[in-house]
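Quick notes on the structure that follows.
Per-chain numbering from 1; labels A, B, C and D assigned in written order.
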Amino acid sequence: MIVMKFGGTCVGNGERIASVGRITARVLEQTGSTPVVVVSAMNGVTDSLRRAASTAASGDRRTYRLIRGELEQRHEQAIAHCVTDPERARALGAETHTLLDWFEDLCQSIWTLGELTPRGLDAVLGLGERLSTRLTAAAMIDQGSKAEAVEATEVIVTDGNFGNAGPLMDKTRARARARLLPLLEAGVVPVVTGFIGATADGVSTTLGRGSSDYSATIIGHCLSADEVWIWSDVDGVMTADPRIVPDARTLHTISYAEVAELSYFGASVLHPKTIQPVAQRSIPVRVLNAFHPERPGTLVCGEVSEDVLVKGITAIRDLTIVTVEGRGMQGVPGVAGRVFSAVGRSGVSVLMISQSSSEQSICFVVRSVDTPVVVDAIEREFEREMLRSDIDRIGSQDEVAIIAAVGAGMKGKPGIAARVFGALADQGISVISIAQGSSEYNLSLVVVHDDVDEGVRAIHRQFGLGRIQTQG
Amino acid sequence: MIVMKFGGTCVGNGERIASVGRITARVLEQTGSTPVVVVSAMNGVTDSLRRAASTAASGDRRTYRLIRGELEQRHEQAIAHCVTDPERARALGAETHTLLDWFEDLCQSIWTLGELTPRGLDAVLGLGERLSTRLTAAAMIDQGSKAEAVEATEVIVTDGNFGNAGPLMDKTRARARARLLPLLEAGVVPVVTGFIGATADGVSTTLGRGSSDYSATIIGHCLSADEVWIWSDVDGVMTADPRIVPDARTLHTISYAEVAELSYFGASVLHPKTIQPVAQRSIPVRVLNAFHPERPGTLVCGEVSEDVLVKGITAIRDLTIVTVEGRGMQGVPGVAGRVFSAVGRSGVSVLMISQSSSEQSICFVVRSVDTPVVVDAIEREFEREMLRSDIDRIGSQDEVAIIAAVGAGMKGKPGIAARVFGALADQGISVISIAQGSSEYNLSLVVVHDDVDEGVRAIHRQFGLGRIQTQG
Amino acid sequence: MIVMKFGGTCVGNGERIASVGRITARVLEQTGSTPVVVVSAMNGVTDSLRRAASTAASGDRRTYRLIRGELEQRHEQAIAHCVTDPERARALGAETHTLLDWFEDLCQSIWTLGELTPRGLDAVLGLGERLSTRLTAAAMIDQGSKAEAVEATEVIVTDGNFGNAGPLMDKTRARARARLLPLLEAGVVPVVTGFIGATADGVSTTLGRGSSDYSATIIGHCLSADEVWIWSDVDGVMTADPRIVPDARTLHTISYAEVAELSYFGASVLHPKTIQPVAQRSIPVRVLNAFHPERPGTLVCGEVSEDVLVKGITAIRDLTIVTVEGRGMQGVPGVAGRVFSAVGRSGVSVLMISQSSSEQSICFVVRSVDTPVVVDAIEREFEREMLRSDIDRIGSQDEVAIIAAVGAGMKGKPGIAARVFGALADQGISVISIAQGSSEYNLSLVVVHDDVDEGVRAIHRQFGLGRIQTQG
Amino acid sequence: MIVMKFGGTCVGNGERIASVGRITARVLEQTGSTPVVVVSAMNGVTDSLRRAASTAASGDRRTYRLIRGELEQRHEQAIAHCVTDPERARALGAETHTLLDWFEDLCQSIWTLGELTPRGLDAVLGLGERLSTRLTAAAMIDQGSKAEAVEATEVIVTDGNFGNAGPLMDKTRARARARLLPLLEAGVVPVVTGFIGATADGVSTTLGRGSSDYSATIIGHCLSADEVWIWSDVDGVMTADPRIVPDARTLHTISYAEVAELSYFGASVLHPKTIQPVAQRSIPVRVLNAFHPERPGTLVCGEVSEDVLVKGITAIRDLTIVTVEGRGMQGVPGVAGRVFSAVGRSGVSVLMISQSSSEQSICFVVRSVDTPVVVDAIEREFEREMLRSDIDRIGSQDEVAIIAAVGAGMKGKPGIAARVFGALADQGISVISIAQGSSEYNLSLVVVHDDVDEGVRAIHRQFGLGRIQTQG
C-alpha cells in the first residue's frame, strides 16, 4: 500500500485537482491496492490565512474579510471545474461556505481580543487543508472513484506544542489504523488533511511549516506502507538549486542521511524530521513531479551503493560567523564548554563549529537574526574575562554563507576536499572557515555572500553533477 | 644588550662549555655590551635527576646513588677540560661535590617518606642548572672574561605552581634589575640558571619542562633587552621536521604568532608561553646554532611582510578523534555546551573541534592518553540520553594525527586549501576531519598515523618549502 | 492631599456608593483639598467576570450570558438608587450597557477560540472597576460634588506580565501627574479604577488579585500624597483573624514591616508589595471602616515606638513540610544549595526553612498544592544519591500550618519565645518545626491543622492582645 | 566477644597500663571470651609528634630531637614500671628505640625537603599508637596473660584521604577476621593500634583526630562483636559539660541518634561517624571510666524507651550568624538555592539554617573562622543584585553560640520548647535565632557568647537533669 502526498501546487486549481484524481486512479489500477492520499492546502492559501489572523490581531477588520472573499471565489471556481454533478457541487459549496464562516468567526474573535496565540493561529491555519481535502475527495468521486475526506485531527495525535507539534506515535498508530484501514479495505481512498493534527483533547495543532510531507510519512509509518510518494512540482531531489545552477540534475537515488543533510543545509526538500518515521521502518520514499507523472523522480532509501562521491551542493545564506578570541583562553579547559553553554541557554542553534590552535579562539556559525542574542549571551558569560582582557573580543562577521557538499561516498575517499577547494580557488573564492566532522557525509565551508552562487556552481561543475551534455 | 640562552647540548661537555665562553666573548666584543647568559643543565642531566627522585620515592636506594656517581664523574671531566687553573678547578670541584651531597640528601629523604611531591621534585630538578652555571662561569673566567654564576632563585619570582610555575613579573623585574644590572655595568657576564625560579618565600620552583628559553625571555623582558638569542644545536626554525622532510629548510624570519602555532602543533621550537614576554615588548628573538655560530639562524619578530603563504608544516601524533552522535541531539541547543563543559571538568585540553550538520554530531581531537577520562566524562554527562538512545554512541578513533599548515599569508588567499588537499589527494591520503577557524593562521586536518609523514612531505613539497635545488 | 481607596463592599450597592460620596465630600471639607478616589469593582463582580471567562473558554455559552444579565440588573439598581437626575441616569445606563456588550463580545471570542489567555482574562476582569468608577463619579456629581471617572489605563503604566503586572514607576508618575493634577486643581475628584493598568502599548493589565490597594499606593507615591486611606468593611489591622479569635482587637498603629509580615503569613491586609510605594516615601496609610467612618482605624507608618511586644498572630493553612534526610548528607557541603536550587527551578516559593544537625536533614515548608512538583524536583536532583542510599527519603507531611507571631518589639527581648511556646504547651499543642531568623520581626512555627485555631488563640491570649474586658 | 578501646589517659604511664592489663584480664574472666583491645597513644604523645613534624618542616632541627628524647624517657619509664622480666624489658626497649630512630629519620627528611605533606604527617602521627600497643601487650604478658601487639595497618584498609581516611569496609572485614580471629581462638588478646590504618598499597593513614574510638567500632563491626566498650577518664556520657554545669550527671542510656546530636553540637563524646559501624549492626556501646571500672557508665544503643524528654544540653561557641537580606529577594525563587550553592562551593559547613518571611531574609550559622570565605562567596554570587540594591546587605554577627537541647523524647511532646525558652527568659537571655526541624531530636537556638554558660545551666536545671539532691 502506498501513501501519497500532493503539495499545494498539485491542488492549486480545479484542473490540477482533477489531475490528482487521475494520478490516484492510475496508481490504484497499477498497484492493485487503494492508496492513502494526503493533500496540502491550495498553494498560497496558508499564507493568506496567516495574514488574515495576524492583521486581525493588530486591529485590522478589513483584511481578513477580503481574504475570506478571495478564498471563497477560488474554491468555488475549483468546485465548478472539477465537480460536475450539480447536487454534489452545491453540497460542497455549502460546506466550503460554512468553513469560511468559521474562519471569519475566528478572525473576528482574534480581532476582539487583540491577540493571536499559537493555538489560535493553528486553528486558523488548518482551514486550508480542511477545504482542499473536501474538494479533492469530491473530485475523485466525480471521476467515479470511491473517496472520503478525512480530518487528520481524527488520525494524528500530537503534543500541545502549537505551531510545531510533534506526533505521539503510539496513539497515532492506533487511531490511524482504526480510521483508515476500514476505508482502504472497502476500496475507498482516504483523502487526509496534511499539516494538521490534534492533541489528545481534540485541540487543533499544526506540525510546522510545510509539514504535509510529515503527515504522509507519519501515516506511512503507522500503516506500514510499502512506499511513500511525495508529489510536487519538481522532478525530484536535485544536485543543486536550479535557480543558481541552471544545469542541476535530478538524482535517481539518495539515502535518508544524505537527503537530511541537503535539507539541513538549505535544500527545499524533505525536512530531516520528515525522514525519521520512514527511515525507522526502511520505507522507501519517492519524490515525484505531479505535472510530469511519467518522469522517474528520486528514490530515497536506506543504503545507496552508488559510486557517486558528491550527491548535491547546498547553501544557507544570512549567517554570521562569531569568533571568541583571547590569549587568556589558552590552557583554560572549559572555555568551549562555557561558550556553548551560554549559546545553548540563549536557545539559538549553532550550524557549524570550527576551532583549532588550542583554545585561543573558537569560531562558530549562527543565523544572522540570532547574532545579537548570542553575542549578548557570550558577553555576559565572559564579563569578568573581558574586563581582565583574558578575552580580547567577541567578533562577528555578517553576510556569510555556508556551502555544503553532501555525499555518503565522500567518506574515506582521498581528494574530495582537494577538488572542492580547487574548484573554489579557480574562481578566486576565499574560504573563511572549514569544518568536516569524522562521521559525516558533508564538507562545510564558510564564504562571503558575494561568493556563494559562484562557489556552488564551481563545486557542482567540479564533480560533474550537471546534466550530461549531448555531444555533437 | 642581549640575553643569550644556551641549551643542554651547548654545555654538554667541557669542550662545548669552552665554546660557549668563546661565543659570549665574541658577542661582547661585537656588540660592545655585556650580555646576560642563561644556561640549561648539561644535556641528559635533568632526566637523570628526575629518574633519581622517582626511583627513590618508590623505595629504590641504589639508583640515585649510581646517578650521583655518574653526575660527579661527568662534571669533574668537564671541569678538567675547561678550568685550567688548578686552584679554581679544586674550588669548583668542592662546590660540585657539596651540591651533589645535597642531591643525595634530598633523594634519601624522598626515599624515607616514600613520596615524591611536586615541590620535592622541583628541588631535585633544579640541580642540573645549578651545576652547569658554576661550570660555565668558571670556564669564562678561565678564558680571561669576567663572569659570575647567578642562581635564578634570586632573580625570577614565581607562583607556587610547582612543576609549571608562572613568573610574577613585577617582582621579577625588580629583582632582576637589582641583581643583574650592577654586574652588567661592571662588565661581568651573569651566568644565570635557566629553568628554575623561586616563590616569594624562597622555595625552589621550575618553569616547566625545557623552559630555559622562558627564563631567557623573562629576563630579556625585565631588562628590556635589545634581542634574545636562543642557541641550540639546530640552524633555526625549520619549515618541517627534517627527520620527516629531508629537504626541510631554515626560515629566515617568522612572526611570533606563526612560531606559536608551529610550536602548538608539534614543532620543537619556542613554546607559545616563551614568546609572550618578548612579544609584549616587541623584542626580536634569534634562533641560532651554537655548533655553527656563523649561520644566520631564524629571526622571530612581530610583523613579517613576506609573500610566503605557508611557513611551515607540523604534525602531532598519538591523538584520538572523539565523536558524539545521535539523532536526539538535533534541535537540542546546549549539547555542545554540555559536551565541552564535561570535557573541561575533566581537565583535558581539546586540540581541535569540528562540527556541522546541526548538532547531530560533534567531533573533537584530544591526546590519546586523555581519551579514557574524556570519554568517561562525556558518558557520565549523557547517561540519561544514552539510556533513551537520544545519543547513540560516543565513538573514538585512535592513532590519528593532526597535520597543520601554518602561515599568516594564508588568510584571505584563495586556493591555499585547494593546494593542501590536492597535495594529499595526489598521495591518496584520506582526510578524516578538517578545521579552519576564521581568525587563524593555520589549516588543521586529521589523518591516520600511517599517512602523517607522507602528508607532511606532500604539503611541504606543494608549497615549495624545501631547499632550492641547484640545477645542472 | 489624600488618596482614598474604597473596597468592593464599600461600593456594593447604590446606598453604599452614595455613602462613598458623602465620605469623600466630608474629607474634602475637612482637609480642604480634593482627594483622589480609587474604587474596586462592586463586591463579587470580579469573581463573576472570572467565572464568565473561564466557562466561555471551556465551551459554555450560557453562563456568561446569565452573568451579563445579573451584572446589568445589579448596576441598573445601583444607578436607580444613587443617580437621581433622569438624564444622567439614562446616559450612565447606556454607558453601562455598552460596556456589558463589550464584555459579551469578549466572552464570545473566548468561546470561539476555546482558549483563555492571561491577556484575555485581564481584559474581562477589568470591566468591574470600569463600571463601578462611572457609577461612583455619577453619584458624587448627583450629590453636587465635582467628579470624573478616570480609567487607570490612562494613569498606571505596567509591564506585560498579565494577571500580575508590575508598575513602571517613571512612566506612571508622568502620566498620573499629567492626568490627575489638573483635575485636582480644578476641584474635580478623580474616581480612578483600581486593580487595572495598561502596558505602554495600551493593552489592559491587572495588578494581581485584590490589588486596588496597590493602585492607591502607586498613585499616592506618584502624586506625593500626604496620606493614603484604605477604606473597607473592617475596623483596621487586627491582632488576629476575628473568625478565629473572637476578641481580636484593632491595632492603633503598626509599622510597614510588621504589616508586611502579617500579610505574608496570611492576614488579609495590605499585601507586602502594596506597602512598597508608600514605605519608600514614608507616606502614612490609614486602614478605615467605611461602614463606621467615625472609628479611628489603624495607622501604618515607618517606625512605631510602642512597647507592645507582639502585634499580631496569623496563620497559613494547607501547607506541607518537606524533609530531605540521609546519613550520606553529612559533611557534604552544598546539599542545601542543591535542594533549594532544585526548588527554585521548580518555581515554587518556600515559606520557611529550618535545619540543624549538620546537613543530615533539611526541612522546609511549601504550599500543599506545590508539594508534588517540589518533591519531584528534589527527587530528580538527588536521583543518584537515593540509589546509593546516601539520601534515605524525601518525606512530606501534609495538613500542617504555620503560625506566626509578629512584632518589631520582639527583637532582643528575652522571654518572647518562652511565652509563645508556653501558651501552646498549656493547650497540649505539639510544635513540628520552628524558625526565627536573626533580623526578623516574627517567630514562625509549624503545627498540624487541628491545632491551628487553638494555637492562634492561645498565643493571642498569652500576649493579652484581646479587647480589655470590663470587669464587673 | 567484646572490643575494648582504652584512651590516652588510660595508658598514660606504666601504672595505668598495668591497670589496663588487669581490667582486660577481669573482662576475659567474667565474659569467658577473649576481648580485642584497641589503644590510643599515651596522652599528649600525638600532639608532640605533630609538633615535631611541623617544626621540622619549618626548618627547626632542634625541637624534634628534644621530643625524641622526651618520648624515649617516658616510654622507658613505663617499661620499667610494667615489664618486670628483664629480658622482655630489654627487648621492648630496643624495639622502642628503633621506632624512635625511624621517627627521627622521618623528621630529618621532612626538614630536608622543607615540606610536611598529609601523607608524611600521617606516617609520623601513627608512631604514638605503635609504641603504646607494644607496651600494653608486654604489660599483659608480664601479668601472665596471652597478648600480641597488632598494627592496625594490617587490619584496617582505608582510602588515601590522609589525615581523615575512611575505612573500606569489605577489605577491612576480610583482613580483620584473618588477622584477629586466630588470635582470639588461641586465647591471645590482640592489642591493636587505634587511630591508624593503611591504604590497600600499605601506606599509613590516620582516621582523623581522636578516632581511636572509630578503630574500635570498625573492628567491632567487622568481627560482629557483642559489645564495644570505650574506656576513658570520664564516667560516661553526661547531661552537660561539667565544667559549665557542676551538677551534670552521667546518663544510664542514650540512643545512637542522640549521642550523635550531642557530639555534633559540641559534646566531646563519640563522634557521629564513630557510631555508624555499630549502629548498622545494633552493637551496644558502653562508655566506661577506666579509673573507676566499678561505675556503671553509659550504655549507647538503638531505641531507648525512657521517659526522659531531654537527654543533654550542649553548646558550640565561636560561631557567626550570617544574614542575607533584601526586598528584591521576595518572590525570587531560587535565592536560597543560590545562597547555599555559593556556601557549598566555598566548602564550608553550615550548622543551622533559619528562614521565614518569604525569601526577604535568610540566616544561617557557620564557624567564625569560616565567615570571611562564606561572606566573600555570597558577595560574589550576588554581585549584580547588590549593585542593583536588590540585596541590601550581607550581615554577620560574630561571637554567637548555638545551644542545643537533645532528646528523642522531645518529638511530638508539647511544652518542651516552652520550657526551654522559659528557662532562658527567666535568666533574661535573648534568643537571636531558632531552628527545629521536623525529624530531629534537638532544638537549636543562637545566643551571644556572654549568655552561653548561663543558658546551658538554665535549661539543664529546667529539665531536672542534674544530680538528685539528697534532701535533709
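Throughout what follows, a residue touches a chain if its C-beta (ideal position, glycine included) is under 8 Å from a C-beta of that chain, and two chains touch if they have at least 3 such contacts.
As the structure is a prediction and not an experimental result, all values here were calculated from the model.
Between chain B and chain C, the least number of touch steps comes to 2. Most remote chain with respect to chain D, judged by CA-atom centres, is A. Work out the mean CA point of chain A and of chain B, and you get 53 Å between them.
Between chain A and chain D the centroid-to-centroid distance comes to 69 Å (mean Cα coordinates, whole Å).
Shown for chain B are the residues that touch two or more other chains, of which there are none.
Working note: touching chain pairs come out as A-B, A-C, B-D, C-D.
In the complex of the two chains, the chain A residues touching chain C come out as 105-106, 108-110, 112-115, 117, 119-120, 123, 203. Residues of chain C that touch chain D in their complex: 261, 264, 272, 276, 321, 323, 325, 327, 330-331, 333-359, 361-363, 395, 397, 402, 404, 412-444, 446.
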